[in-house]
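Got a structure for you, written out below as structure tokens; questions coming shortly.
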Amino acid sequence: MPAIERRSKNPDTFKNLVKDPALFISVVVIWIFLILFVFFPLIRVLLIIVTEGGHFNLSGFGEMLSKRYTLLSAFNSILLGALVGVCGTALGFFFAFTSVRTNLSKWWSRLFDWVIILPLISPPFTMAITVIFSFGPNGLITHNLLGIQNFNVYGMWSTLFAETITYFPISYITLKAILAGIDPTVEDMAFSLGSSRWQVFHKVTLPLSTSGLANSFLLLFAASLADFATPLILAGSSFPLLPTEAFLQITGLFDMKGGAILSFILLIPSMAVFFLQRYWVGRRNYVTITGKSGSQTKFKSVGKITKYFFLLVCLLTTIFILYFYVLLLYASLIKAFGANNTFTLDHYRSIFTNGKKAIQDTLIIAFSGMMLGGLYGVVVGYITSKKKYFSRKFMEISAMINYSLPGTIVGIAYLIAFNRRPILLTGTALIIILCNVSKYGAYGIRSTVAILQQIHPSIEEASESLGASPVHTFRKITIPLVLPGLFSGLGIVFIRSMTAISAAIFLVSLNWTLITVRILENMTELQLGISAAFSVLVVIIVFIVTTGITSFLKLFRQKGSMRMSSLFGS
Amino acid sequence: MEPVKIRLDNLVKTYMHQEKGRIAAVNGVSLSVEPGELLTLLGPSGCGKTTTMRMIGGFEEPDSGRIFIGSQDITNAMANKRDAGFVFQNYALFPHMSVYENIAYGLKIRNIDKEETDRLVSEVLHLVKLDGYEKQFPHQMSGGEQQRVALARAIVVKPKVLLLDEPLSNLDAKLRVSTRSEIRRLQKALSISTIYVTHDQEEAMAISDRIVVMDHGDIIQIGTAEDLYYSPKTEFVAKFIGKINTIPSTVLSLVDGQAEVRIGDSKYTVDNILRDISAGQNVDVLVRPEAIKLEVISGTSKLTGVISERVFLGDRVDYTVESKGFNLQVSSYDPIRRKTFESNQKVEIILDDKRMKILEV
Amino acid sequence: MARNRKILLIASVLILTVSFLWAGAQQEAAEEVDEGTVLNAYSIWPENWATPMFEEFEKATGIHVNFMRFSSGEALARVIAEKENPMVDVLFGGPVETFAAGVKEDVFEAYKPPAYDKLEDKFKDADGYWTAIADDPLCFMSNKKFLADNNLEAPTSWNDLLDPAYKNMIQFADARTSGTAVTRIFSILEVNNRNEDAAFDYMKKLKANVQVYTKSGGGGTIPVGLGQAGMGIFFIVDALKTQQAGYDVAISFPEEGIGAAAEGIAIVKGAQHPGLAKKLIDWATTDQMQNYFADYKINFIPTYPGVETQPALTEALKSAKKVFPIDSKYSGENRKRIVDIWIESVLQN
């Protein structure tokens, strides 16, 4: 459907707000939410950083910045982020290319899709734990298999490895959509003009994928920057990273201010990524997946050798991933990994008795967050893309702030901000739920906006011309079409609530705890079996809920409505 | 249902342009559509035809002016209260609903019961020759089929008027021709006052009772196809409707509304003059391609040229003739019955005084 | 949408939302009702030990202890962060240097339980801000196979640890989060007669052999047990537990001497249930709790006079020639400074 531009460009005026009471109320409510739960905490943190005893004082800030360790952490974080961005994108590209371009049989495609999902729905330490099991000094692979003694598993390389495996699925999903959207006839044309396969790839496919590659790099860079859990286990003290150092500064040295400063430094690269994404990648072509059910031309751009090489790389990675999860499962079922290999269900018994509270708490928080986050995502997505009103652009950006920031900053901010009147929320479930909503609700906003952009305004106009009131149109036309976006948002908030830790670790309390925090505790207390059992449980729960949502979606999916490329589509 | 009259009274719609400031998209448009008439708004992109249409439909608010459907002033009415069927350029079918549900949508809103709805839906599907398509979904259908569903959906609720916004521009040429006849047939059968928007002059001429030619927000001329073709008021209209040649000439004298002009070495008397001219002035004279005859060149030939291009099109031959200071497009119909000429041939150009026009610029 | 499906959708959304809100409310409500007999605590002792002790307490007094486990650094950080709105009533367990630091931050309320007068000076705060509930010496724990492979005896001197054979095979705690580490650092200081240059010099040399600094005190025990690391420095309570779990490890002590840290308990200032807190302190600082150490295989040395140290522990301590208490006053005053120096010159170098 060609895009017809709106003929009249009403500026975002105050007038529009006043005319439409429903809009006015929504805007006010959203702003209250944003001010209280996005700006207020951040400003409190900022105040702590720049004041000393009530007076404006940047010395603490300067002091922290001049410490060698701080600069090293910052450098490491950016270095690691860039490396993860590159490696993850490369790996993701391998997978995406293989999946889309090599005429893979459905069987292989399915297998890859399922396996790829695993790192995305696991709690954060899973890779780290299995890396230690496999590559530690007494590790399965290094010691038992390869006989290497004293292999130092801690440091940059293992962290890079674990993060790459954890995050490359994001790259896969992004790139798959882009590659699938590249018209094969463009390549056909290049062939007919005499280009070799390599030339076609190099001069046609690659340039067309540039925006996808850039986007993927940025996403992975941001993910690595914010990753707190993996480095906590694997980085060791010789490779300090900002989110982990911020955490240790607060919890180890009770230096709230120092921790806040360290996490604030993360703000710079995070904001850079945010703006780069908006303006650089924002211009990418929105590939609409519906419509042209054209003939599936066979892709000719891959020679046999290349095809098998790609397939091999993917297969190896897939096997690796499966191995890690099997290892996890194994560790959860034996008494003591490495020492006592007798089969036991004790760990599972333990998590369902001692861990029952954590499981209940987490589920309640995740589901509540899901409902609230889903609603938030749809409402904000709808009003920012469909309605024009004063402060619209600003609202759009504000809603994405917490989403773009590393969890550590948000967690610290919430801890500081809501620890005293007038808003006292520490120790409640609400603080965790609100943190999750303000952070992950943005996914819902993005998918709603993406869907709405694909729904031409004339569809709603057509409805009105047939006599439907705006409310009727919203109910019968807009909502059914937006449903996939809504569910996608719901799903993401749920998954993140179940698997996130970097913000939540500051917010758990006596009354409300989370499975991920329990996993960390058990890891530090070396109850590895229990950690593994909890991890397996999380993977299973998330898997069930995700499948439930996609099935629900299929059931209610209005035939012919825009298909979302995946639940995780960024 | 009795067809109604549509009246637009000095509609104005402006918007702010980044550099140019406030621009008028629709600059005081007044027109009326007789009951049962199909009136077409015709013009190039940006002329304001779609904006006008959208204002009638209720999707844009006019800055000033009034809109009447029948005796009702609907200028400020909400789109859903206007009872004006709208067919969009991109069909705007509800993708999540079947053909039946799409068509029944408007009926449901009017609380028509199921039996009656079923009957009306199959009736209208029959009208647009899509019997049996009830269960299909839009994405399963071709463009032409989708367009007919859109039409069906709009007319099944028996609206007072019908508004069609470039409904055929997304279809291929052959389909456009057959579908436009369908639309016209249907419109006549239902006897519903219709406004049609298009930029394709052939389409406008083929189906309209009257045509409104617009440019840059203004109405240039209103008339039947014949009116506009044979009696264009301005050069813009003349050029927009059909093809026309522009020949530079010099006014020799002006007497009693007749002008004697010189083209090359020939003199002609033009009485179809629609602007103020004076003797000695250089003006353009407009002549249709079929109004020019070519003859074998002879010693007495006054106006001559050379054929630079010759295109045989079956029912006619089109020539491009190069003369001193201008080129001409000449069409010779039913060529088998006439003399034909070859490329590079020198010919005599015979212009018919009666069919030469000097128009407003 | 077919009517039935629509109804199903709305119904399920409503049911889901309502049920989760309801469940949440239930949880909150549950807390409300029991306020009269519920005590909130942060426990630095791991759950394996804290849980049975609190269960015994509840049997004895009917008071339920609601607790969360944190390593000493995290626990204290929380208490300090929550100063204006304390979430807990008691800080339970953890080395005294942590309590000394807390006193400095003014987060405790002084209280002298009945046991106070009966305890040695090293087991209580002069002003009554904290009282000891157990004593716990540090020790060396080594993996037997590692020792055999490298032809080593179990280390009996701090200098033994500098042996290149230990390169990248030592695990012990990070002073930023663990009281064990701070105790270790102060032990090294004592052994060097509080000569900071000498002490930090040693620690810098030792760093070459360190594989990783763990977050919690006992974090290295299993890696040593599994052979992923060759040795570590832990509180005997963790080391003995590892040995008793079946891991092939040897416990030894340096002849120069090693420190012991008392485990403390204190009331958090502004506690919501000070009365209940006092009851717990009364109970824990006497034989009432400490008699259970043996039953639950908690290898702490009891502090209350007259309670017998269990045989396994006594046996292990036989080779400890010189164990000294960490001076809580000295460590309290210098903790932040020393840890900062350690971070700058040892950890981050």
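Chains: A, B and C, in written order; residue numbering restarts at 1 for each.
Going forward, a residue touches a chain if its C-beta (ideal position, glycine included) is under 8 Å from a C-beta of that chain, and two chains touch if they have at least 3 such contacts.
Please read all numbers here as calculations on a predicted model, not as lab measurements.
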item: Touch-network distance, chain B to chain C, counted in steps; value: 2
item: Interface with more contacting C-beta pairs, comparing A-C to A-B; value: A-C
item: Chain of greatest Cα-centre distance to chain C; value: B
item: Chain occupying the most central position, where position means C-alpha average; value: A
item: Between chain C and chain B, distance of the C-alpha-averaged centres to the nearest whole Å; value: 88
item: Separation of chain A from chain C, taking each centre as the mean of its C-alpha atoms, in whole Å; value: 35
item: Chain A-chain B separation of Cα centroids, rounded to whole Å; value: 53
item: Residues of chain A engaged with two or more neighbouring chains; value: 480, 558
item: Chain C partner contacts - residues on chain A that touch it in the complex; value: 67-69, 72, 136-139, 150, 152, 154, 232, 236-237, 240, 248-254, 256, 336-340, 354, 360-361, 364, 367-368, 371, 415, 419-420, 424, 426-427, 429, 480, 508-511, 513, 521, 524-526, 528, 555-556, 558
item: In the complex with chain B, residue positions of chain A that touch it; value: 1-2, 4, 7-9, 11, 290-291, 293, 456, 458-459, 461-470, 472, 476-477, 480-481, 558-562
item: Chain B - residues contacting chain A, complex; value: 13, 15-16, 25, 50-51, 54, 57-61, 78-86, 88-90, 92-98, 105-106, 109-110, 137-140, 150, 153-154, 157, 170
item: Parts of chain C lying in touch with chain A, wherever the complex brings them together; value: 1, 5, 9, 13, 16-17, 20-21, 23-24, 27-28, 31, 40, 46-47, 51, 66-69, 71, 73-74, 76-78, 80-82, 84-85, 87-88, 105, 167-169, 174-177, 211-216, 218-219, 221-223, 225-229, 245-247, 336, 339, 343-344, 347-348
